[in-house]
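Labels for the chains are A, B, C and D, by order of writing; each one numbers its residues from 1.
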Amino acid sequence: MNTSGLNLLIGLAMGLNLLALGSGRVSSLIRAVSFQGMALGAMPFLLSHEFSPWVTLVAIATMVGKGWVIPLLLGRAMRAAHIEREIDPLIGFVPSLLLGAGGTIAAIALARSLPLRPEHAGTLLVPGAVASILTGFILLIGRNKALSQVCGYLILENGIYLFGLLLIHATPLLVEAGILLDVTVGVFVIGIIVDRIQRAFDTLDTRKLTVLRE
Amino acid sequence: MSHLWELPLRLAFWLLVAPLVPGLINRIKAWVAGRRGPPVLQLYYDLARLWRKQVVKSPLASPGFILGPAVAWVAVVAAALLLPLGPAGSIAGFPGDALVLVYLLALARFATAWAAMEPGSAFEGMGVVREVSFAVLAEGSIIAALLALSAQAGSLRLDAMLAPMVGTGSALLAAGLFTVLLAENCRVPFDDPNTHLELTMIHEVMVLDHSGPPLAAILHGASVKLLLFSVLLVQAVLPVAGLPPWLAGAALLAGVLPVVVGIGLVESLLARLAFRRVPLLLTTAFLLCLFALLMAWKGGTA
Amino acid sequence: MIGALLLFATVALGLGALAGRWSSRPWLLLTLAATAALAAAGLAVGTGLAPDWDWRSAFTLGGQPLHLRLDGLSALFLVLLAGVGAAGTAYAFAYPIHTHSSDHGAPARGRFWWNGLLFHLGFVLVNANGLHFLIGWELFTVCAYFLIVLDRRKWAVRQAGWLYLAASHAGTVALFAFFALLASATGSWDLGPLRTRTELAPLFWLALFGFGLKAGLFPLHVWLPSAHANAPGHVSALLSGVAIKMGVYGLLRFSGWLPVPASAGWVVLGLGALGTFAGIVFALVQTDLKRLLAYCSVENIGIILIGLGAALLAPLTADGAWGRLALAGALLHTWNHGFAKALLFLGAGAVAHATGTREMTRLGGLWRGMPVTTLTFLVGAASMAGLPPLAGFAGEWLIYLGLFEAVVGHGPAGWAAGPAVMALALAGALALATFIKAGGLVFLGTPRSPAVAGARDPGGWMRGPLIALAVLVMLLGLVPFAAAPLLARAAGAWRPLAEGVTASAPPLATLARFHLLLAAVLLAGGVVLWRRTRAQGVTLGPTWDCGYAQPSRRMHYTAGGFSGTIGGWFTWFLRPARSLRRPHGPFPDRAFTREDPRETVLEDLVRPTGAGVLRISTAVRRLQHGRLQSYILYILIGVGALGLIVLFHGGRS
Amino acid sequence: MIPLLLILLPLAGALLAAAAPSDRTRPWFLPAVGVSHTGLSLHLLLHPPVVADGAWFGFDAVARAVLPMVSVLFLLCSLYGVPYLRARSERPNRVFVATLLAVIGLISAGLMARHLGVLWIATEGVTLAAVPLLHFNRTPRAFEATWKYLLVGGTGIALSLLGSFCLGYASLYGHGSGDLTFHALTEAGADLSRPWLLIAWVLLLAGYGTKMGLAPMHTWKPDAYGEAPGLVGAILAGGLTTVAFVALLRVRSVLGAAGEGAVADLTLLCLGLFSLGVAALYLLGTRDFKRMLAYSSVEHMGILSLATALGPAGIGAALFHVWTNSLTKGSLFLSAGNLRRSAGTASMDDVRGLSESAPRSTALFVAGLFAVTACPPFGIFFSELRILRAAMDGGHGFTAGAFLLGLLFAFFGLTRVVLGVAYGPPRRRPPAPGPRFAETAGVILPPLVLLGLSAWLGLSPPPLLEQVWSAAVAQLASTP
């Protein structure tokens, strides 16, 4: 398999994480997510030695779902709700960036200490996964706009997908496909709910969504 | 000896001798004050007169107004009969009769207080309150004293308890019991039996509304109670029971007289205490009895 | 035979509960029949006509085979339950709850829960399986709760009910632990004598908390006053007469079956003495008739526990006879207090129903309109004040004997017995003051309102129980030795070595002779004085209020004023709520001073603690503030914490 | 093949229901599926099929120990659902019925899943399918609740997926074939790489713990349960949480096989006690009787988790508790739904004296209150007592004490709320909009039957169930 190419893609994804953390414009955030989705979609090809229909299917589905459909959905919602940028987020952009960067470094350090199979030892899969998961959490916790949180959730899912690639040969692809399907559907549902909320509250600012409390 | 003629004898003793005591006390007070004072037998005359008078009863009062004094009188007399008389011992001694005696006096108090509540007079209510309140400490002292005696004698029968060697705590016991006697019988410094300022009275104010035979019963009961306490006190301190009958009789007399004189002197020399001081004095009596108890308990390690 | 009686009682109670939904008369008959059967069973075993009854069935409940047993101890309490139960049933038949509240389902509900309560009380008494004991215990608490809140539209009633429920549950939780530990130590839920398993001794503390709370042991009595005060008359009667005695039963049962720690006797006796004294002081200062009676129950539980404590201490001395005397006294007092206090509560219920108030200061002069209630109340009051020749004195006298002998024995137990005697003595005098206050303010003097003046005795079905209970109390006092065999068998069932409690028979016989004599003489004295007075003639005149011409009802002694003197001595722990308005100027307008008694332990100890817990709860609830971001952060924190635990543990292993 | 029917039948029903034209007849799909589902699972309960070790789905001992309960619960909820949906005729119920059926199918799948990935898929499926049920009322509050449910739940799901990957990698690293069936993982046992295993456990515990609603991952529960129809609350509290709990049980058995049972139990114990305490504190203060039920559910999830930590006896008791708790909670949710509809609100600040406006439902609610606070003769009393004994037999004195204390405070809170809204003079409020709520047999009987079942389980637990539970314990505690 093509470790250097893979690492290149993962590095790209990690860069996109930082971009997502630093960008105040929701549109660029969505764009970062879609690029990351595409990058992820390409990875199975690099991982697999020989052509297999399943792998292709998974890859295509990923590319289309993560890279195209969902960003489209989010973009529509964004335009419907007239959200241009994230105003005073809970965790500012600079702190988010620093956190993300620190997290990435920590992830790499952590990955060293974890026992890995030889064929994975060289790849950035684990650090990339951890970094993306961290980025996702930062966005989920630190942003006010529902859309930004959805993007955060997507990045979180991407991180997990990266980690899943470790098992892509071991586990039957049926499982992979199912998991992928579920994730996609999940995001679809989230998108729909975002849409509904936009109509019900005609805003996507989660600061308005604090009626239910003790 | 057989109870057949002993019971009437004792009854006669208590009923007939008792009214003498207040008379004697009054005599001594008069003597100290340098007056002639009422005759010694005054109470007998009063009782006889009251017994023949008719009764004035408040329309608020229930029959309990009449029956209360009766119950009180019977209870006191019964208590007196439980008390052993020197070598003659007690007529119906049984373990624990000491407690029965105390609770008979409580019964008498209950009946008097109930009767006093009957007419619904503010003053009598006041008397009742004071009576039952001070009784709390007095009763505590008596029980403590009895406990001391029984610990000393190692028995719960009055006749055994009252026939001890002169115990270590006897002096304390005597002081304590004498104070209780004064309180229980409403003498100075707790109460003034012949004042007429209702606000200051305890016992007298409770019987304000009574008249005629019930009042007679109350007054006579009071005198019996006084004698009972004096006899109890004497026997608790002096080893009377050990002596031959005639000597014992003399000793009893010789014991009761000083008590009576003491009461008289106290009444003539002391002034009534302010009511808020009363609990203090009674607590002192209580403590005296408690110390007596401790000495008796630790001293007579059987 | 016994089994048949109990089965019949169960069936009758069940049918009665069903019938009571629709009509009251069949319910009355069935329930009375059930109580009769219970009484028969209890007496048969208690007096020794029938041997102890032990019945194991293959029928399982909650996976446990049913195991019932009726021995002397259970029998004693079963008879109490039957007696009070029957009286309460007849009373409830006439007691009109729906006149108090507007919901007309109340009487039917009352009948249903009443039968449930009777059944479960009996079930607790006769079963010998820990699981079933817990079931019965919990269910009788629930039934009692629903009976307390029968009149549930009233806020005070609901408060009292909830307090009762909550406190009881705290006790039940302790019993959960007790029985579960017992079961896991013995490997089975079956109960029975385990006197040799000394490692079980510490369990006694759990039992003391659980059962003591139900019994109204002094610092744990907080639920008792309001519950008893707010329940309907017959319910308070059953609660105070029997339900709190179940705590006593539990303590007796398990201090007899299990070994107890060496210090148990000291603690029980000390708590008993404390409760005796504190209870009666609180009772004295109350202004609400039923609260007064409730606190008096706290006192009497204390007296009973003094007896039990002495019995537990007795083994310290070579000759434990005095312990047996005290135990017999405690058992006898259990009966006396059960019946007399039930009588008093029924009477208080009648008063409250006839006048619509429980405030003693608003009552007065009821004797004219309610002669039967007055007389029966007088009997109960005298018995509760421990006056001869009534039952109250007999019990206390036995306990006194035991304690005196403990002191006379100069053993170490004297250190406990002496103070206990003092507590008993002071409590006796205070009880006298208390009941003079209750009787005098409620029944004597002037009626203080038109409603009170118009009050009349209740109907026959409510009068009957009063009379019956009064007669019972007098009989118990006059012939206490009649109870001696039951006491002996009960004590024998408690601990075999206490079999010699027949030691209590001779003194009781003596006392009985004396009581009979005294009663006769009292009667004679009364008659003599009465006839003499009649002969001399009685003229009616206004109360001679020291020449005050117009004694008005405003001049009566009030409840507060009556207990003012003694209350003053104990302000430091009574801590009453004072409000005072002094008269001002030459023509002062309204001025007043009033003291309201408070439940010190509840309001100054329990409530602040609860407030503290609530403060914590409020702080924690703020975390649920509706912001999604923090919720996700919580998840991260959770993951981190779990990770740390794993790391830490991994580091160790 | 029959076991798969338990999954396929409801899913087919869902498709048909989605296709069915009429809102009036569609609700009858629920009881139809409910009856057949219950019939199937009871049949399987009596005649358990043999399950191949490597099978991805299977009606194995564990599924057999809980699935019948879910079927029965669903049956009664579906019976309740018909009159409920008729009363809510103003709403189209196509999506509701279809997704409800899908949910029950996926719950069955989750309970029968013997493969880590499949289990995760099923759980995720249930989570997503439940979304339309939550915002059935279409109120802004409902949408907000759904939103939080989705993101919090989604995060949990993500964590459990990550955990599953870690577990898979643990087996892969231990030269496993990467076969993720629990059987294979248990076989691998000590070969699993310890660090990955522990990481996996933490993530799975957090993830499935979120689904169970263990504190501090419980935050979605009060909102979701408070806004969803009572019927949905019953299914979620009785079904979804059960799936998550069974998942944890299965994973826990893998750790046990790998010799890491001790640390797993420690974490379960801490999480359980923490949830119990937090729930008790919330219950002391909450003022809404539907949110109250959510916190009570958190409390009982905590009890399950700490019971699981008490070894085989505890796990047996926990399985018993799953039954009693789910049935009782179901009854409570249904009667609470009735009360909510008759009062128009669920806050005890506005509601009082329900015993006079809706006597039967109130009686059921109060009875349910006593049932859920461990009052005999209802089942929870017996299951909690069994847990207590397990703790004491195991010498966990502290745990037992904390457990009892938690129960006590929870009791204070629950009684405070329930008795507060049940009794007293009713507040005069403007009647709730929409058709007047009537206590028909259709909405009274199901909760009543559920309570009855709970009491029956307690008073005479059928020996068959006891055997089934011990068999499940045997399977879970099997260490090669």
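Here, a contact is a pair of C-beta atoms (placed from the backbone, for glycine too) under 8 Å apart; a residue touches a chain by one contact, two chains touch by 3 or more.
Everything numeric here is computed off the predicted structure, so don't read it as measured data.
The largest tally of C-beta contacts between two chains is found for B-C. The most centrally placed chain, judged by C-alpha centroids, is C. Computed centre separation for the pair chain A/chain D is 31 angstrom, with centres defined by C-alpha atoms.
One simple way to say how far apart two chains are is to compare their mean CA positions; for chain C and chain D this gives 44 Å. For this pair, chain B with chain D, the centres built from the Cα atoms lie 78 Å apart. One finds 99 Å separating the Cα centroids of chain A and chain B. Residue positions 147-148, 151, 155, 222, 282, 285-286 of chain D are each in touch with at least two other chains.
Within chain B, no positions touching two or more other chains are listed. Within chain A, the positions touching two or more other chains are listed as 140, 149, 209, 211-212, 214. Chains touching one another form the pairs A-C, A-D, B-C, C-D.
Those residues of chain A that touch chain C in the shared complex are 90, 137, 140-144, 149, 206-207, 209-214. Those residues of chain C that touch chain B in the complex are listed here as 364-365, 367-368, 374, 378, 382, 385-388, 393, 397, 400-401, 404-405, 407-410, 414, 418, 421-422, 424-426, 428-430, 432-433, 435-436, 439-441, 444-446, 507, 510-511, 514, 518, 521-522, 524-526, 528-530, 532-533, 536-546, 551, 553, 555-557, 561-562, 564-566, 569. Contacts from chain C toward chain A in the complex involve residues 621-622, 624-630, 632-633, 636. Those residues of chain B that touch chain C in the shared complex are 51-64, 66-67, 69-71, 73-75, 78, 92, 94-96, 99-100, 103-104, 106-107, 109-110, 113-114, 117-123, 125-126, 128-130, 132-133, 135-136, 138-140, 142-144, 147, 150-151, 154-156, 198, 208-209, 212-214, 217, 279, 290, 293, 297, 300-302. Residues 60-63, 103, 131, 134-135, 138-139, 142, 149, 152-153, 155, 158, 161-162, 165-166, 169-170, 173, 176-177, 180-181, 183-184, 613-614, 616-618, 620-621, 624, 628, 631-632, 634-635, 637-639, 641-643, 645-646, 649-650, 653 of chain C touch chain D in their complex.
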